[in-house]
């Protein structure tokens, strides 16, 4: 099984990090193919960057259409997820989506912890239809740089945030954002509830979907594009939309 | 007051149609500046096209940032609305959003009628937080081409759809999609409830927002971008994200 | 365009205040006609007063039916809004409704700040269908009298309340209640998010609705009254209900 | 125990009908005191009439404050319920509210059937917080007059409506509107689910609340009015609001 | 009228406590028949115990089917309520359900206070369809044992919890859990809002339902079981399911 | 990896069917261990049977606690899911839950089709927090017996039900109930949207959860039971609750 792990920003180091995490999570026999967009934001932190990254991501996916068995969107905002799901001929899963659904299988309500603003995560979780299972969101006042410089100080802040979420009723916590990727093993021992990593969950959910061999919808708003005309769009993407 | 009426697809004829409707709706003294993206779909009909068009639209808006007093997104999917609202230094309103909010001021619940699929409208209205005021969605089985060829037949289908929505409890109906733009005057006389046109509503809501001289949020997920780095992005857009 | 600015309590000073704010917000050519009910509470602070004021307000509106182009309900509880909307032959907008809808156009979620109890505002916003866009409500422990006696102390309390709402995720804040009317200019410079004044928003939304020339619904629960018989009701109101 | 059965319209015959139903439902030892407002609509059919009737009802209740142990609002729109609940020193229950809550105790989801428009019932049930338990609303195309003229024809229409609601998942059905009052015994034998009459449910719920001897809230938005000043309001009502 | 007061755990002392409270709340002429399950948890504190207790409770109820006029589930988790409601030929009410519905009749939103975890109460209230009327949940850090040892200390903690709930907007508070049963009289004098006891509310709601003589649903998911085959189940229960 | 596939009714043939489906769906190296309860309903069709089956299922699981790596509840009502999840030291997934979550990953909204009543599925999906993603429920008027006798006739009814769900906006459809287990391959070719089988989805989701090696929550309402005392309960179950 060949799974594309597609970053939505142009920072190759993040792609590499996600690909490594994906390889660790994958079943034997699953091949992980990392990919980084040709253009767009270095890191997505605003709503406009998320839209631009969405286009870059779709362009990237189109190049791999038909050559991979599934796609993991390795971007915590689940950028362009619904569009990718409609467009690609294979299953598509996004990392925060994956972690949220997995969290639902581990308890009742879940929390999400991240560096920085939580509002766009609140919106995304509502779009996933999971608002009723969200116990709360916690924002840790730290930066990825600080996490490198003072890992223990940042870990303390994270544990405080986790405790706050458990107090709100979270039975599991999603680690939101690339900056927290790979921190689950370090944080888990001191956490009273399970911590969910989007890359690990996403790879395994994709393996499930691929193994189910579900056809894509032929009707409705997720039916594949056909005969769509575009201009100034990368050839592979334009071709895929033309059907 | 200078208002940008920005199409999100590359079909100039639609831009012209929307600009004409905007001019008709505008107050004296409001100048309408039409704009069409440089690249993207001819018409948006799939989720991927909507993302690509979002990027094209943001690129287009960035060129006008600082030179217009407000922006109307003349695209029925309210493409990239939240991103444009965060990015631009002026008020931004989208056409379906505008019509839905105006419909709320005309009665209790509203309906939306369109050609083709209704699911993406359902999702968009839920994202606008208005699910509780949506009485229903009606899809008319017709095409824009058919509307030109057999206007009376299509009008009959539309009146049937309107009646169905009124039966579901709609006190007002939003006309969804560019194909229905400009049809309000023809349909209104036979409709038992008011019909809302997104361009007309949007222009007037923008005039309101411009006249209120509200500052943009300086905190939270709608605060302007600052210091964001991108690659392969149009200069004006890159500059705006850099702050 | 002639707009009725109708207070729902009997305190003429508040009517005058609202009318002045309305005139400042109105477009050139819009005439503001202030009106105060004949009976009812001096200030609405309980649920019973709100009902009594609703009757007084409808009586007042009936006198002006057919003589004005639109009605702004200048009462922060949006008293009798739906009834007025059904009864009057012209558009009707209420001030908190107007500010909430305008707040939605300025960001993602909004807050509301007021003196005293917040629960009736929570109920009203839910009735407007906007519960999903409400980030929170803040109650400032102060009175209108205190605001006159110690404006700086009250301003400090208000800024604290605004900060609390922004912390809850508010991208814009509605000023609730007549006591806060006119305070937007003073509070705005130190506020990190835009502040919405119901009178200003309401006047502009009314101008939009009047300019759209929407017919009133002829079917459903907002269709005009016809043949309704009443006793002991003011002649103009009784006549309007008789149709 | 003395229970006031307060009509909100001025039609004495409806008051008498409701009082008779209340007496039939009441426990031994419960005294039913019927009351009809001094002014207002003959029958409530529009939103404005509902507000006017609310004022008339509050005036009526104020006269009985302190002299009755509980109040049943014998009006299917639950007119001015929250206001009466705050204002009166005794428990207050409204008839549709009562039937809906009782329906919840009889199964999972309930329906409501009525002559004429259903939208205001939908709104009222949502305000009662019971939207999630509402399976559907059915409107029977008939008038109270027709029910007298052709009882069998109307009964057939009602049974059809009941079947429709059961098909939507209703385990119980609320009879909405005075026109259906007293029809439960006739309709019940042929109905596959229990039918709820608001007067019967309301009397029994009031008996429960009176027997519980709950104090009224001393804080929050249902705490009794104190020191409220009004003008042109009936003396008993004005006195009650003054505290 | 004969009402079964059925405990769901095997602690006879709790059954006795509930039966005493039920007798105090009941109308003259209502006979209270206490019952304790044959097997199951001593006290329900986990989800698995709640399921086991559900079976034990159904077995207990089946023995009394046809011999009582109504059933009160005297267990704060409303254990197996829907199943009992479908299975028994008489009305069934559960104690927390009863208190929540009664609380709705006393104000706008209600709170619930309990010893220990609140999440299962949040879930149960949502299943009752009352999430929109829940102002909040308060957990008091105390045990039933502590309540015996240091009643004043625990009362202080409870008053603090009540104040917190009132601050969240609660107009009434449900006392959750057997440990708080019977504490309403002690706590009420110092509470700013009414306190609801599930046993008292439940007995009175049952009296209402019994007096209404509603038939059980003959269609839908609450229609009585017929022809169901089971193995290894107590004879009375098996017989009842066989119909 | 050893996965327990636990039926909740006592019909061995259904256990065998589910185990076969599970083996077909499992990865190489996953061992499927079928299990059938000692007592309870032959088939679950009423709410009481579901509770009894819940107890029987927990008793069954307790016997295997510590000897399996994960548990799949092979019962379409997701019987006792939350209780099993709290009680067992390993991951637990239920079949309809699994199919619904998988359906969410395949499109926007999903439908569910089943023989017989749909209301308990509606309730279960709401408890899973997925109400917003449910497009509709379809009930096919057929029996498992009829499916054996007239497979083509039943298939036609099912295709009609699928078409109805797609018309409501379903992008994927969950096959609900054991009677439909194994029919996916036959129905899929003629279905315009993917069909989800709970056993296949459940096995794969379990494999994901097992591979993630998530600890169980140590706090909150899903933390393992400890020191719980029961009477008359099977030894293994009693021991597990004692901790």
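Per-chain residue numbering starts at 1, and chain names A, B, C, D, E and F are given in the order in which the chains are listed.
Please note the rule applied: contacts are C-beta pairs under 8 Å (C-beta built on N, C-alpha and C of every residue); 3 or more make two chains touch, one makes a residue touch a chain.
Note that the structure is a prediction, hence the values are computed from the model and not measured.
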For chain C and chain F, chains touching each: A, B, D, E
Option reproducing the contacts of B-C, where over half of them reappear, out of D-E, C-D or D-F: D-E
Taking each chain's C-alpha mean as its centre, the one farthest from chain B: E
Copies chain C and chain D touch via same or different residues, half shared test: same
Between chain B and chain D, centroid-to-centroid distance (C-alpha), Å: 43
Chain centre separation (chain E, chain F; CA means) in Å: 29
Where chain A touches two or more other chains at once, by residue number: 82, 85, 108, 119, 123, 132, 169, 220-222
Listing of all chain pairs that touch each other, if any do: A-B, A-C, A-E, A-F, B-C, B-D, B-F, C-D, C-E, D-E, D-F, E-F
Complex interface listing, chain C residues touching chain D: 10, 38-43, 45-52, 54-56, 58, 80, 82-87, 117, 119-120, 123, 127, 220-222, 225, 228-233, 237, 240-241
Complex contacts: residues of chain B adjacent to chain C: 25, 27, 82, 85, 91, 93, 97, 101-102, 104-108, 128-133, 166, 169-172, 188, 192-196, 200-201, 204-205, 207-209, 211-212, 214-222
Residue ranges of chain F in contact with chain D within the complex: 118-119, 122-123, 126
Chain C residues touching chain A - in the complex, by the definition given at the top: 108-109, 132, 169
